[in-house]
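Here you go, one structure.
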């Protein structure tokens, strides 16, 4: 028992690969994902605050940092399995709760247990911070799948993930920060162009000529 | 729909890492594991046959090759989750069956569906071949965990896996092939010695001296 | 001497990378390849059996599982070297045989030596099972090279491998299973389309609009 | 210009390997490190709060999340270079500031620039939160180097890093959270034992015997 | 102190990844880069020699082999940092010199120190060999960035690197070997074509038909 | 045909892994190996020169840089295969020569063919430079195998490689540079000590106490 095991477990999140069992050009892990979601939440919270909303920053950061910690105990359960039936989903959710509870009981010293019980609660609730987390989690997933599509991954799964993530984001389109994302960030992402291989020749010739002048 | 998707899915088994979320010196994947289990089953079956048992080789090979194919649909669900309750386990087993069923219905052409329904059945039954598969699966797991312990992996998980695998093998100790494993293979594995770093100096000096003579 | 060394050697097949010395997006190893070839053989055998042929399943599985085991002793010798002259090829084949023989003599206990001598024989003979193995081996190679071409590998070698594999498959086009491959599987493989990057924008807009309705 | 580039840059932090140019069993990247430091800061802050200190959680999270972001612009400059002279250090620090400033001016839209200028300030100041960050950063470094030493990395550099990190932590030993670390966490880390290879034989025999009883 | 540490340090150059902090399909390291630069210098020197220039081969090889060795001490400092100001660049250059000097003083035995001081001098001077090294270094960088563009890397950085490398090469266009590169090698590089995925179908059909004839 | 293909082939040497088919903690490739051998040759040549020998530096560098280039054509042929019989060895050697010849004829423009024919000749001849190359090649192999032994690789192959490399070096012990290696470098390599895990506790306590004083 002890905080040492908790600190050590953070390294396991670095080893937990996202979207396992599929070829990916660029692999991501749960620790890095959690970092990026927290940074995205930070930005989204800033948009809300500038729009006059009161943001509970402490809650927002805690929710974002911890939102995937339970994957340490349950492993990667594919979404279709998790959602195969309402009954199974409910059971899985109970098991997850029990595992987190057991972890806190055995690893976290008593004086910190209440604090960590609070921190490991499901973060995606109806509060503003819970909604921001839901959006930030999907924005990072959107970037991950966009990265594979852009690099030429032929697996249609990544287009499905892209569309699924965007659909979830759209459910929160009442939020000012989602509007900002749709109005400014997504268009920039989609208008990214990279120099096609076919332009290389022309560019090279232009550069050589201008050097000769 | 089509066999093309089935053939393509075999590559996904190559990408599915075993024991995810933990640091390992040497990673293994489900395709390689299935190959090794089938080769180990082949040997165990040979021992049984020499001992007078009748081995249904076709069944043994089919069971071994397919025993982890369903992980493609369900992902890696950690054992403690799977076995958290009899109810969850039962439900999970139903979901797995439905997913395999759905895969066969949508991807395998009708004329082959009966054959593949048979092939994708749970292989670890009470038949001699089912028992051999249970043992072969754990022997490969034993080798995987032994490899980590031998290379110096400080994670105690691998000792737990080693002991768990051996315990399951012991449940089949009535089988002649398990006796062979315990009498001849395991002792060889345990008596493996490697030259400690500390002997390097002495060996080097001996070699230099003998070259000078 | 002992089966332990034989079991351990299976892990070395996991470390033996196919097509070494070339940049690949997705690396494959000999153990995974052997697994996939065996699964493909299984399907091809099923087609033959449905077509009224008698399939010796035990032989088919043994041939498929073991067909590349000798690479453990010889390493990866590039095809142009192997086939540089009839004389070299013959000599090389003798060396390979001697190495397998020596392995069996030193590692396999006497009571199993006859069985393993049989298993390690060249599998690609004129029998139906030998022909199926020849086809299955090339189908997996076709998938490996197709995967590189599809992901955008600019090395022309993979097109050469693709065409070489297909040419060999065509030599067996009298087989019903090759007809099935040409009629149903290859067309599916070639008609695979993936969403081009350029379609992303349109799809995204459609999704956003439909969410707004 | 735009938040899209900022979000995209977070992926580059995933690609930035820590302690480059040295063999490591387990590589870590700047994104994962930032996640772990933030989680460690969270715990240390909790200790301080329980001890009656007032913790500015928003500041603590911001400092921790952003503390290594500037490495994106400057790359990994080895410590001995950075600290080669007071003059060079001062100049480097100015260049870093200018690069962050330029990034904010060109990528962050004007309405968010003040907020991000604040967020990208040097976090390791004399405030309680700044001190906690200094400690948390070194605790993660301690774990990284401990991991290499424990796995058997023969490079003496990791012992130097371990000792350097611990020395820095000791400078903050007036903090209650450092006392907690020294009293409870560090001893647990050091008393970690893993089953030596040499014990395997005995354990295996015990397990086999108990199964037979 | 001793040559052993010098020999060992060569392995660290194998671990030092070029262009860190960016996604790359194909990573390169400083040791491999140094090898390729030396081989390219060898060719360029041959062109010069055939053109009547006298090439100091010993100097050319020494310059090429050692040109990035100092990165061992300084790490990868991003170019914009290095060149942020004339003052910083000068200071940085002094630090690098001091580090190399210190390395020679502490690791190289006195009888070899003069030789190694000479070898570790900045190689890109105004001599013919220094100019050839400048060109060879950029040709390898051109190939590295071309490789990423050709494989479909969407990061615009690689186009910038490609153009930057070509611009530097153009500065040496008075050299016969640069003329050779521009006249014969670069056009071959740019005219490389790879079979597009879209041609696969047609080629496959042609191959199948010709086999049937 | 063209130098472009020659330059491009250098990247394939980066992808050619040494000692394939075995688990290694630290993989090395042929390009990096060639770099290290050339640097080691440089040092050995310096020792010879200081000892009054005349060193043909151009020849020494050329031999070292090119000594493994032919592996590009032949792949990795395991030593026991290569040396299985004098006849096979002779045939392999002929094939290798023909392949290099063919490469030069088709890829190297006529005006450079004589130069490259000379460069691609077997370098390990009886000349001083040929002997230095033989030694340098084995010193790098010694370091590679030492690295695996030191990191705890349990595969006895690496001890065999270590002893084989040392035996070959001993055959050249008449060379002054081999004497230097045996007298100064090898002892340093063998006396390398790394802090055992077990000392960590004591060192940590000492450091904490001294900080408290």
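Assorted remarks:
Letters A, B, C, D, E and F name the chains as they come in the text, with residue numbers starting at 1 for each one.
Basically, contacts are C-beta pairs under 8 Å (C-beta built on N, C-alpha and C of every residue); 3 or more make two chains touch, one makes a residue touch a chain.
Listed by chain with UniProt protein names: A, B, C, D, E, F = HD domain-containing protein.
Keep in mind the model is a prediction, meaning the values are calculated, not measured.
Following the contact convention of this document, A, C, D, F is the list of chains adjacent to both subunit B and subunit E.
Between subunit B and subunit F, the least number of touching-chain steps is 1. Superposition angle, subunit A onto subunit E, using Cα atoms only: 120 degrees, a multiple of 5 between 0 and 180. Copies subunit B and subunit D of the same chain sequence form an interface built mainly from non-equivalent positions, shared numbers / all numbers used being under half. Rounded to whole angstrom, the centroid-to-centroid distance between subunit A and subunit F, based on C-alpha atoms, equals 46 Å. Subunit C has its Cα centroid 38 Å from the Cα centroid of subunit A.
Put simply, the C-alpha centre of subunit C and that of subunit F have 33 angstrom between them. A separation of 21 Å divides the Cα centre of subunit A from that of subunit D. In subunit E, the residues that touch at least two other chains are 11, 13, 23, 25-26, 147, 150, 152, 192. Chain contact topology: the protein chains form a pattern that is neither a line, a ring, a star nor a complete graph.
The full set of touching chain pairs reads A-B, A-C, A-D, A-E, B-C, B-D, B-F, C-E, C-F, D-E, D-F, E-F.
Of all residues in subunit E, those touching subunit C in their complex are 25-26, 147, 150-152, 192, 194-195, 197, 200-201, 203-204, 207-208, 211-212. The residues of subunit E lying in touch with subunit F in their complex are 2-8, 10-11, 13-14, 26, 28-29, 31-32, 34-36, 38-40, 42-43, 46, 50, 57-58, 61-62, 65, 109, 111-112, 115, 119, 139, 143, 147, 184-185, 188-189, 192. Partner subunit B is touched in their complex by these residues of subunit F: 23, 25, 146, 149-150, 152-156, 159, 162-163, 166-167, 170-171, 173, 182, 186, 190-191.
Listing the residues of subunit F that touch subunit C in their complex gives 11-13, 15-17, 20-23, 71-78, 80-81, 84-85, 87-88, 91-92, 95-96, 98-99.
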